[in-house]
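Two complexes, one shared chain (subunit A), two partners (subunit B, subunit C).
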Partner chain A sequence: MTQPSLEKGVNILREQIDGPVAAFFSSCVHCGMCAEACLFYTETGDPKYTPIHKLEPMRRLWEREFTFAGRIKKWLGLAPPISDEELEQWQPVVYDSCTLCGRCSMVCPVGNDITYMIRRMREGMAASGNAPQGLIGATTRAVKLGSPMGVKLATLEAQARHVKISTGLDVPFDEEGAEYMVVLSSMEVVNYPEYLEAITRIFHEAGKRWTISTEAFEATNSGIQIGVSDIAAELVGRIVAAAEKLQVKTVITPECGHAYTALRWEGPNLIGRPFLFKVRHILEVLDDLREQGLLQTSGMENDRITFHDPCQLVRRGGVVDPPRNLLNMVSNNFVEMEDHGTMNWCCGAGGGVSANEAADEIRLKAFKRKKAQLESLEVETLVTACANCRIQLEEGIEENEMEIPVVGITEMLAAHLVEHPSSDEGEQP
Partner chain B sequence: MSKIDSDKVLRQALHALVPEQQRLLGTRLVKNVLPLTDDERVQRIIETAEKADVSDDELAEAYKLGRMAVVESRTRCGADCNWEDQAAHFVARAATAVVAPPGKCKAPDPPWQAVMSCRMARDCAILAADDGSENTEAEAQYDIAENFLNTPNSAAGDNHE
Partner chain C sequence: MSGAEFLLWMRGPGISFAALFFIAGVVLRLIEILMLGRTKNLAELRGSGSTAGMRTIATRFLPADANTFRRSLPTIVLGYLFHIGLFVVIFLLTPHIKLFQSVFHIGWPGLPTPVVDFFTVVALVSMLGLLWRRVSNRLLRFLSTGEDYLSWAVTFMPLLTGYLSYHHLLLPYSWMLGIHILSVALLLVIFPFTKLMHSFTLFIARYYNGAIAGEKGVQQ
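Let's look at the complex of A and B:
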């Protein structure tokens, strides 16, 4: 990251005020509906967490420099310029209490995409040196080491060896011409090693050729979270280069919400050209395999189960049906939360919030909404498809002394996978 | 004499044991990586797990303690991973799987989760040491299991299902 300064931050913030942002500011009717859609507001009752209010410095800049009334106010000395103190004061509301979940954008009666604006506001915040230390650290590691958590290839290779010993199956690295290239989140490598074994077994049964690139196995994108498009583009570019080098048809993003948004929806714009391959979330691929009869399961979960939709999958990506199709394969007691799918409530930890220690208190307050949803359903198991959601859900459940195990959907499917041992495999479970 | 020389045999042997014996063997596997944590809660879980006359309530309490240790020891998303801490996390995870009451641990195969978590703990310790050593935890586990199964007082043959 380049040396930050107030001047740089304000210049970048000004550049972010494009047509849509200007139109959004001028069309806001101050109705407050976005407040009721934001769990940081609903769980605290504090008006400073009203989503559109989180953009106040950017709105002031827009008014001061791009509106007639604002220019007169500026000329009369009634519209002071943005200061470092102001941006510093805004850091907690722009980063700690916004997960970029997009629920506010869904309810805005005039169609303002407030999340898009926050994402842009973060560009100015980061350039002015007002991003949280936790995110700065994660972003620096992502650029230097290839992983925001400092995970190196050796760690992944060690995990692949465990998969081999445990299942007899190879985790294929750098296989040219494979149909799928899998990218992983560091969280899966560090905290949920079951995911790698699950996909290895599932793709083996489906007869699919897949691979992991040793040059770009990390899916997450701290550049998006902190708000530095150059870094976001660099991180996307690494995956694109690896996928094109290996000539794969599809890159599969992992059980991670923002990694999907970063690569599939922001990726081509960030690098300035279309990809030569498709990008799909693991749930979309598993659902395709189900449709093609290549994912066969046996047995059913009898527990009362619900599904927590990762926001980036449903609201930014439209992946609503695949997890439900898949869960119905293995559960005969699946129930929906009252607000689910595109109107789900966020776990409270996305958009870089979980990487930011300063946000711990508000993050756990925000979980109260999910707690209420779970309690009203009286479920016995919670399933999700994002390692970051999962860690927040597990922490929130523990903090609130609830007893609901949280399971990744891919793992759950693998537990029910019908496997046909071939003659050269002796180690299949 | 039971010979354990692969994961397939180890898994079969684990599954052939009654839950109490699974717990006792699991405890021995965890004890092999116990020096990788200084979390007193995990030590207490193991002490509970190896009691011959442990009650369901004691196991439920140990499981609760374990869940707390697992959640608290995990590396947060985006944090710089401290491999020593992460080794301790996997030891906590293994110990928790060992004492999980039936149906509480949602891992598809809790005894196997204990086995794999011990190996992951060793991996993390090796990464922390950065000395290029090999992870031989699987082989150590084969020896521990073999010894357990072939010692009459630990896994008496009549305890097999």
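Let's look at the complex of A and C:
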């Protein structure tokens, strides 16, 4: 990141104001409904967490420079410029208590996409030096080491060896012309290696050629969470370069919410051109395999289970049906939370909140919403499809002395996978 | 100045000036927004943004789901009552329709005056309810600015003075009707520079929100 300054921050924030932003600010009537949709408000009752209020400095800049009345006010000295102190004061509400979950954008009666604006406001915050330390650290590691958690290729290779030992199957690296290129989140490599094993077995059974690039295996994108498009573009660019070098047809993003948004929706816009390959979430790919009869399972889970929708997949990504189709393959006791799909409640840790130590306390407060949802359902297992949600859910469950195991959907499917022994395979344990 | 002279002036130059100011202001505000535009989405789209945008313009007239409705019940109920009342009063009162007809040369059937009168009371009472919430509810008090109270006042006054003049209350009819038109003029002049603009811009906002979501295949 270049040296931040207030001037840079304001200039970048100004560039973020487009037609949608102007229409949204023009339309707000201060009805307060967005607050009721935000778990940081519902769980604290503090009005400062009202989503539209989180944008006040950006709104002032818009009014001052993009409206006729605002320009007159500015000329009369009635609209003071944005100050560093103001932006600093706004840091906790723009970063610590917003997961970019997008629930506010669904309920606003005038139709404001508030999340769209917070994503943009963060560009100005970061450029003016008002991003939280935790996110700056994660972003710096992502740029320098290729992973926000500092995970290196050697760690992934070690996991690949474990997969070989337990399944006899190779994790293919750098295979040109493969159909799929898989990218992973560091969290999966370190905390949930069962994902890698699951997809290895599933793709083997489906007869699909897939690969992992040794040059770009990290799927997450701290640049988007902190709000620095240049860095976000650099991180996306690494995956694009690797995918185009290996000439893969599809890049598969992992069980991670924001990695999907980063690559699938923001990616081409960040690098300024369409991709030469498709981007699909692992759940979309698995659902396709299911439809084609290439994903066969046996046996059913009898536990009462529910699914936590990662916000970036449903509300911000449009992947709603695949997890349900897949869960119904292996469960005969799958129940929905009262608010699910596009109206789910966030786990409380997305949008960079989990990488930001300053948000630790409020993040666990926000979890109370999920706790209430889980308690009303009395489920025995919680399934999700995002490593970041999963770690927050596990921590929240632990903290609140609940006893609900959290499982990734891909590994749950793999546990029921019908496997056909074939001659070219090594010994099966 | 007599009441008749005042009314004559308000009906003539007064309201005409306000109306022109209103139109110029609204057009300017809309240009300010639309000129900024939105950059083309380069991602592989799942659906048509424009179709989804148009759909969201319609769907946002209703709350997102039952829980949203429950959580914001007073705001939603009072908000609907106020907006329905206001719509009926502005567009379905026969004298108002005659006025539109004289300017735009198109007319439509109105409702019987006692019915409109009832809706006026509905709008007035729900507006008082909304104001009460704005000052008494912690969240709404926190969010409210001077502009919110100003917008409330300039919307409330035409309703109130219209009601009073219809019922020949408080002041001689010509004075009260003159004041009614004056309050409408004030509303028109203030309108383009306040949140009252949402009456126009919400269609743009909903369109953009729906389009952004629809391109990603998110149903709203």
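As a convention for this text, the second predicted complex is superposed on the first by the 425 of 429 C-alpha atoms of A that agree within 3 Å, B and C clash if a C-alpha of one lies under 4 Å from a C-alpha of the other, contacts with A are read in each partner's own complex, and residues count from 1 in each chain.
In this section, a contact is a pair of C-beta atoms (placed from the backbone, for glycine too) under 8 Å apart; a residue touches a chain by one contact, two chains touch by 3 or more.
None of the values given here were measured: they were computed from a predicted structure.
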{"item": "Overlay on subunit A: subunit C relative to subunit B, clash or fit", "value": "fit"}
{"item": "Partner chain in contact with A:Asp170 - subunit B first, subunit C second, else both or neither", "value": "neither"}
{"item": "First (subunit B), second (subunit C), both or neither touched by A:Glu88", "value": "neither"}
{"item": "Apex subunit A: angle to the C-alpha centres of subunit B and subunit C, given in degrees as a multiple of 10", "value": "150"}
{"item": "Touching partner for A:Ala138 - first (subunit B), second (subunit C), both, neither", "value": "first"}
{"item": "Overlay on shared chain A, then closest C-alpha pair between subunit B and subunit C (Å)", "value": "26"}
{"item": "Residue ranges of subunit B touching subunit A (in the complex, touch as defined)", "value": "6-8, 11, 67-68, 71, 74-81, 86, 89, 103-109, 112, 116, 119-120, 123, 126-127, 135, 138"}
{"item": "For the subunit A and subunit B complex, residues of the former touching the latter", "value": "134-135, 137-138, 141, 148-151, 154-155, 158-159, 161-162, 165-166, 186-187, 190-191, 193-194, 220, 222, 225, 303, 349, 352, 354-357, 381, 387-388, 391, 394-395, 398, 403, 405-407, 411-412, 414-415, 426-427, 429"}
{"item": "In the complex with subunit C, residue positions of subunit A that touch it", "value": "17-24, 26-33, 35-37, 41-42, 45, 47-48, 50, 52-53, 66-69, 105-113, 116, 264-269, 272-275, 278-279, 314-318, 320, 338-339, 342-343"}
{"item": "Partner subunit A, residues of subunit C touching it in the complex", "value": "28-29, 32-39, 41-44, 46, 56-57, 60, 63-65, 67-68, 71-72, 75-76, 79, 137-140, 142-145, 148, 193, 195, 197-198, 201-202, 204-210, 212-213, 216-220"}
